[in-house]
Amino acid sequence: MARHGIMQPPPLISVQNLQLTGRRGRGLETPIVDGVSFDVAEKEMLALIGESGSGKTSVALALMGYARRGCRIAGGKIRVAGYDVTEMPPAELRSFRGKTIAYIAQNAGAAFNPALPLMDQVIEPALLHHVMPRQVAIERAIFLFELMALPSPGTIGARYSHELSGGQLQRLMAAMALITGPEVVIFDEPTTALDVTTQIEVLEAFRTVRREEGFTGVYVTHDLAVVAQMADRAVVLKNGVVQEEGTTEQILSAPRHAYTQALLAANTPQVRNAPTQATDSGTVVPVLDVRDLVVGYGGTGPDGRPRHTILSDVSLPVMPGETMGIIGESGCGKSTLIRAIAGIQPWTSGGITFEGEALAPRIEARSAAQRRHLQLVAQNADLVLNPAMSVGDTLRRVLTFNGDAANGAEIGRLLDMVRLPSALADRFPPELSGGQKQRVNLARALAARPRLVLCDEITAALDTVVAAAILDLMMELKRELGIAWLFVTHDLHALRSVCDRVAVLYAGHRVEFTPISALEEAPHHPYTRRLENSVPEMRADWLTDVISLRDQGSEPVPALSSSRGAGCCYAARCPVRIAICEVATPPVWRSPAGALISCHLTSQDLS
Amino acid sequence: MTMNAALIRALLRLVGASLVSLVFVTVAVFFITAVLPGDVADALLGQAATPDAVSALRHSLNLDKPVLVRFVIWVTGLLHGDFGVSLVSHRPVLAMASERLIHSLLLAGVTALFAVPVALLLGTTAAIFRNTLFDRAVSLLTLCIVSVPEFLVATLAVFIFSVQLHLLPALASISDIHSIGSFLASFSMPVTTLACVIVGQMSRMTRAVMIDALGSSWVEMAVLKGASPAHIILRHVIPNVIAPLFNVIALSLSYLLGGVVIVESVFHYPGIASLMVDSVAARDIPLVQICALIFCAAYLFLTTLADIVALLSSQRRHAA
Amino acid sequence: MLSRRDMMKQGALLVAAGGGALRSCPARAAQPLRGGHVRVASTTGSLSDTLDPARESMATDYMRGAMFYDGLVTLDATLVPQPALAERIESDDFRTWTFHLRPGVQFHDGATLTSADVVYSLRRHLDPLVASQVRFQARAMRSVRADGPLGVVIELDAPNISFPSVLGLNNFAIIRDGTKNFETANGTGPFRCAAFQPGIRSLAVRNPDFWKTDGVWIDSLELISISDDMARHNALLSGDVDIIAEVNPRLVALLRQRGMGVMESPTGTYTDLAIRQDIGPGKNPEFVQAIKHLFNRDQVADSVWLGFCRLGNDQPLPPEDRYYNHDLPQTVFDPDRAKWLLNKNGFLNQELPPLICSPAANASVDIAVLLQNEASRIGMKLDVRRMPADGYWSQSWMHFPLGFGNVNARGSADMTFSLAFASAAPWNESHWRSSRFDELLALSRREADEAKRKAIYYEMQTLIHDGSGLCIPNFITSLDGYHQRIRGLRPHLGGHLMGNNFSRFIWVDENAGARETESAPA
Amino acid sequence: MTVAPFARRWVSVIPRIPGSLILFWLLLALLGPVLAPFAPGEVVSRTVFAPISAHHLLGTDYLGRDVLSRLLCGTGSTVLLCAATTVLACTGGVFLGIIAALKQGLTDTLLSRFMDGVISIPSLLSALVAVAAFGSSVPVLVLAMSLIYMPGSYRTCRMLALSIVRRDFVLAAQMRGEKSGYIVLREVLPNMTGPVMADVGLRFIYAVRLLSNLSFLGVGLQPPLTDLGSLTRENLLGLVYGAPAVIAPALTIAVLTVGLNLALDSYKGKAG
């Protein structure tokens, strides 16, 4: 498959000694990328690997002769498909972009114009560059949609970006990039924002079009497993400097550079947790007990249930000192569950107790002690930390509010607890890195001396290495402080490494509830299995294997479905469904390993 | 189906909210005018306002009744669609106000036709070339124009173009307009003066809206597709900023009906703003009321329209 | 009754008074021409603009009314009543007056003028619902009755030799019997009402059936009102209008430099400070004396009127009036004496009521500020309180211890005295009470002998000068601007474009504008 | 307890506003009457609308008074009055705007309806009616103008705050049980100071304009107090003679308002 070792024609892309600089406000110019050089041969796919801030996206954009506001290409030579990109005047650059070289952005939801139908945008490059008439472009777009297995390819173009899922948009964006048949396509972290299950569909689509269209590619990512599936060669960037370059196999199997090794280590699953021996059968009162929680919207129907359900009869006991994991894809209701527990999402029926006392649905009605002992750490540290308040002030306020001493030493202690230097107290959130922000976010929760911390996808927005460090920190804190955690994620790796027990949510239903020890042992709910399989692995043929497995199942349907009718919520996507799945609510039974599974099939069937 | 129902509900809510404001203004204006010193009897008699003359006239106009009773009488009339008659001229106030309103709408319309494109153009170009010399120059210029009192702008314009150069008429009397040429000549100075007032704010707000949009990912994407700046603005940005821009425009236009007393007075233009100033001076309460209602309704109509545009532009995408 | 000799005397007076005005109105012996459209911009105009003669209260109203209506008599350039709709006026005792109407006069709707119309027109002023501006004057008429189709007999409460002057007021114009609707005008005047939009404009077209065969030259006239000074002058300068009322003294030079005419009419109009004598510091006559001495009349004349005024002597008759008391010593600006008087009475360390002024009373704010400044120089603290123009006359004027007023030239000395100085007068601004004055007033109204009456008026002026709380620093020269193509304007003691009657006299000389501009001094 | 950090926060914000410019105008406002060579009401010349001369640096006005002296006094009252108005209007607008965004529901609806009602009546008319009803004293003018401009500030701030109150840090504060006052002042407001400052600048312009336009209609400050708009207005006739009496106050208005706005805009630049 890989073509290294063979004598190659001159490279299609050649970057020599690229210098990119940027400035903030009226500050001094600082280098973003310093002396980067690499070549990409025709029809080759090069991976640009690096953390956020490594300059990988800037390099990718520079290939198109584009620098973001405040940045500029300060030096070096870029040749793409015979064009000298750094020398081209604006008009020529315009006819080059979108026609010779195309770009697939990380967040398709944001990169599509929300006010225009998708088809107009997909065929726009073709019309802009007068590559083909409109009707032909539409036909080609539909062809590409089909190629990438988009549902209803004939009509999907009439829709608007917010109506489609991230995975679908990412494929549409690929179609948009390919509409003019460009020689070079740049993939900028195209699957980072997607669920693992969706990522598979998208990656497969990319592979298919690459096979059919045969373009040269640059794939920007921080995910080595994805690199393994997609790229022929890889360049590892850190702080704007190339650390290592080689074939994908080389980089993955025998990384030479320390940084590459660290990346690889972070990508490898590891168990950080010494499982707490907590059970819900004992005499210990659960710190948090969610019972038959129903959350919905659109008013209540005649049966007392909401017209549209987000959570259906979810129960979840959390023991003191335990780490409870909740996993599921976007839209499964896991964030809603967290919000309900946090008191910012009213519920229809069911109840929540905290340390034996009922929690009021509204935060205002809860006692000061309950508010204090139940802390939420939200996904996006950018939003959680007040950008106008220094780190010290943020922590100080929590301390004074709860009547604790709020001196510098205490703040230093809190920062130390999350492994941050106390000098950071005077900094403001915009000056911090993503990992630092998330640590401050944790410190803020810890400042209240909580009994239970709700963690809502706290690592989702972070780079692999940083996320791993946060997970390490969590476990250390768990050991040191003995507090309970409710850990919500879509990342099975993370879940495995920190949790004691796991609840699997699908479409608002708890389909499985299992001790982490049982996760490695069959049987499991078919959806749990699917989640397991979707975690990318670092072998090159993993994607092929998963796809061949999946082809046995049926076309997936959007996850968020109404659960009003009877039957199993997963029936539509289940590869092993039987007739009864469509009509009857599945029973809950306990597997030999201790997992509570909600399925019509028996333990033997699922094993 | 449900989308349409939701849309209609949202529209009804908007309209209902406007009605609340309208009722608030009606009640407030009535009672505020009630605390004004003197009434129409005083105003009509002026120097001849001897106590017996005033009280007789007051009695005949029902002004000696308690304010609440007068309010009830007025509201009752209103509910029957009767806005009342002017206490001064005894003509129906609706006819008086609507005659002036037409003039005002004409002036406002022409001003909008001229000012809105200029403001959008200035704001957009300033956003595209932000933090450049051009941007700063536009900002300085618009601020300067907004800050100079409009009576000075208007008077200076008249003195230069009418008195010194004899190019344009000094007055914008509606009755003198017989052709397109005389229309343009009569309107050019009032319209320019008014445009000076509103272009400043509109262009500044447009610039802010545009900068917001230009920073979005989809604009970057369009650049990377090889689209030209004009194509990006027209094809991509405009459809997205229609709603906020309409809001900007609505706020500015609402000023053009009621906020133009000075321009009306300098150019002797018979608009509704001067009618209301007159009616306040004459304490002609029914007329004050209908003018206030018209201003309020116009403002609410424009802002509600802007809200509806916002609703529809998001609805269009949601409903598809 | 009124003798020819009287009128001749007044004619002589007019020449003397109008001497200065000749400068702006070249006495060219040109023959008036018929035809032409004239646009006139007056000052105040509003919603309250009216076609009801009884309600006319602003200059614009009077001008409009004068185009459409006639009175029984009209006041000429020296304010002497002349026959108009009444051909003849008779009275033996000055108490019962008989008016003989001109036969064959037609209203604009074709009806012929009869005594019923006159009776209706005069009686309606007594109805409070009419909101007549001259209700007080009308009350002096005990009865108004028809005496045949062309005779009207009016019986007064008491004899009044000046009664015809009262009927010369525009408000007493004659309308058709029974008229209640004033959306248009149905009068006997020289113009018919072609359009009337309150606050916007009035359009008048010549009445071909006008009873007076000579005079009235122009075909049509549009009357608008521009309250903003600068805009009004600009409209004249740009040629948008042909005549403007009330030229600001500061712009006289500009208008003349640009070849426009400015007509100066000396009038009895004044802006006064009234010190009430029934409340506040004005109860002390020495306070009143001090304030009179504190008026720097020359400075007011220079700063406020730029010299377009005559010195006032704290009595209401202007120097041009035939009854003006020349023997009265002039009150002079004497801050030292004022200070001494004030100090003596302890007013300097006392909180004094504010000076009430308003844009409604012409230039009163400026005069108040100048007075305030003079006061501060002698250590007297006087606050100025400016009131909004609307509601000033009914809500503020005469309500405060120290308040400014503004009085237009009245039709006769008798009217001035009886309306503003008699003890029972409704507009006795300073609330001055003098039984001697009241006696003299009653006496003067019966006195047919001109010399005797003059003597009585002299004494009345002295009484006012010495006793009343009225400070009249200046008499204002009325200034009207016109394009050179407009002819026929002549100064008038009533000011305001020939006592608001200009429409009957002006004519258009299409060639004059060009010629005049050429010959105008740069 | 909580006052200290509040004070600390505000003290740390204030120096970031372009202080020198504001200080300059405030000093001029306070010292202007002292620096004036003549008493502002004093007639010093028999010539009205005199041109610039050594005696009268900016000539004389329509009554023959010294323009420079009147300008110095008028600048003071304009700056102080409009500053007071702007501060009052924007304080109210900011606070209520954020509260409305924060509380949503009925509070928001009622406040917004009320503000819409106020804003829909033309500002000049509201001011006119207020002056007619309560007289044109300084407190009445300041209060009326504040009330007139509060809804605009409210609208702007509510829009700005709507996006901020949905951010998680506000939620975190609410979950902690913080009082509304704390959330408004410490959590939300510091994140919108830039646009709020720009809005404050615009309100200041509007206040100066309204004061000028009020003087056009013959109401406004009581003599001998005067403001820049009135000075422009009362000397408007001097325009035809090119008199400095009308040009000087108009220029002062422009320099004052434009300078302040550019300074406030640059503050936005620093924060963002």
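Which chain is which? They are A, B, C and D, in the order written, and residues in each are numbered from 1.
Following the convention adopted for this analysis, a contact is a pair of C-beta atoms (placed from the backbone, for glycine too) under 8 Å apart; a residue touches a chain by one contact, two chains touch by 3 or more.
For clarity, every value in this text was computed on a predicted model and none was experimentally measured.
Among the other chains, A has the CA centre that is most remote from the centre of chain D. Comparing each chain's Cα centroid with the centroid of every protein Cα atom identifies chain B as the most central. Chain pair with the larger contact count among A-D and B-C is B-C, by C-beta pairs in contact.
Averaged C-alpha coordinates give centres for chain A and chain C that are 89 Å from one another. Centroids of chain A and chain B (each the mean of its C-alpha atoms) stand 50 Å apart. Rounded to whole angstrom units, the spacing between the C-alpha centres of chain B and chain C is 40. Counting partner chains per residue, chain C has residues 228, 230, 389-391 touching two or more of them.
Touching two or more other chains at once is no residue of chain A. Residue positions 36-37, 151, 155, 159, 163, 265, 280 of chain B are each in touch with at least two other chains.
Across the interface of their complex, chain D is touched by residues 17-18, 20-22, 24-25, 28-29, 32-33, 35-37, 139-140, 143-144, 146-152, 155-156, 159, 163, 201, 204, 208, 254-255, 257-259, 261-262, 265, 273, 276-277, 280, 292, 295-296, 298-300, 303 of chain B. Remark: chain A residues 25, 342-344, 363-364, 368, 371-372, 376, 378, 380, 383-389, 393, 396-398, 400-401, 444, 448 touch chain D in the complex. Listed in rising order, the residues of chain B touching chain A in the complex are 215-218, 220-228, 231, 235-236, 239-240, 242, 313, 317-318, 320.
On the chain B side of its complex with chain C, the touching residues are 36-38, 41-50, 52-54, 56-57, 60, 86, 88-89, 91, 151, 155, 158-159, 162-163, 166, 169-171, 173, 175, 265-268, 270, 274-275, 278-284, 287.
Listing the residues of chain C that touch chain B in their complex gives 46-48, 50, 55, 57, 128-129, 131-136, 183, 195, 197-201, 203, 222, 224, 226-228, 230-231, 234-235, 237-241, 389-391, 393-395, 397, 426-427.
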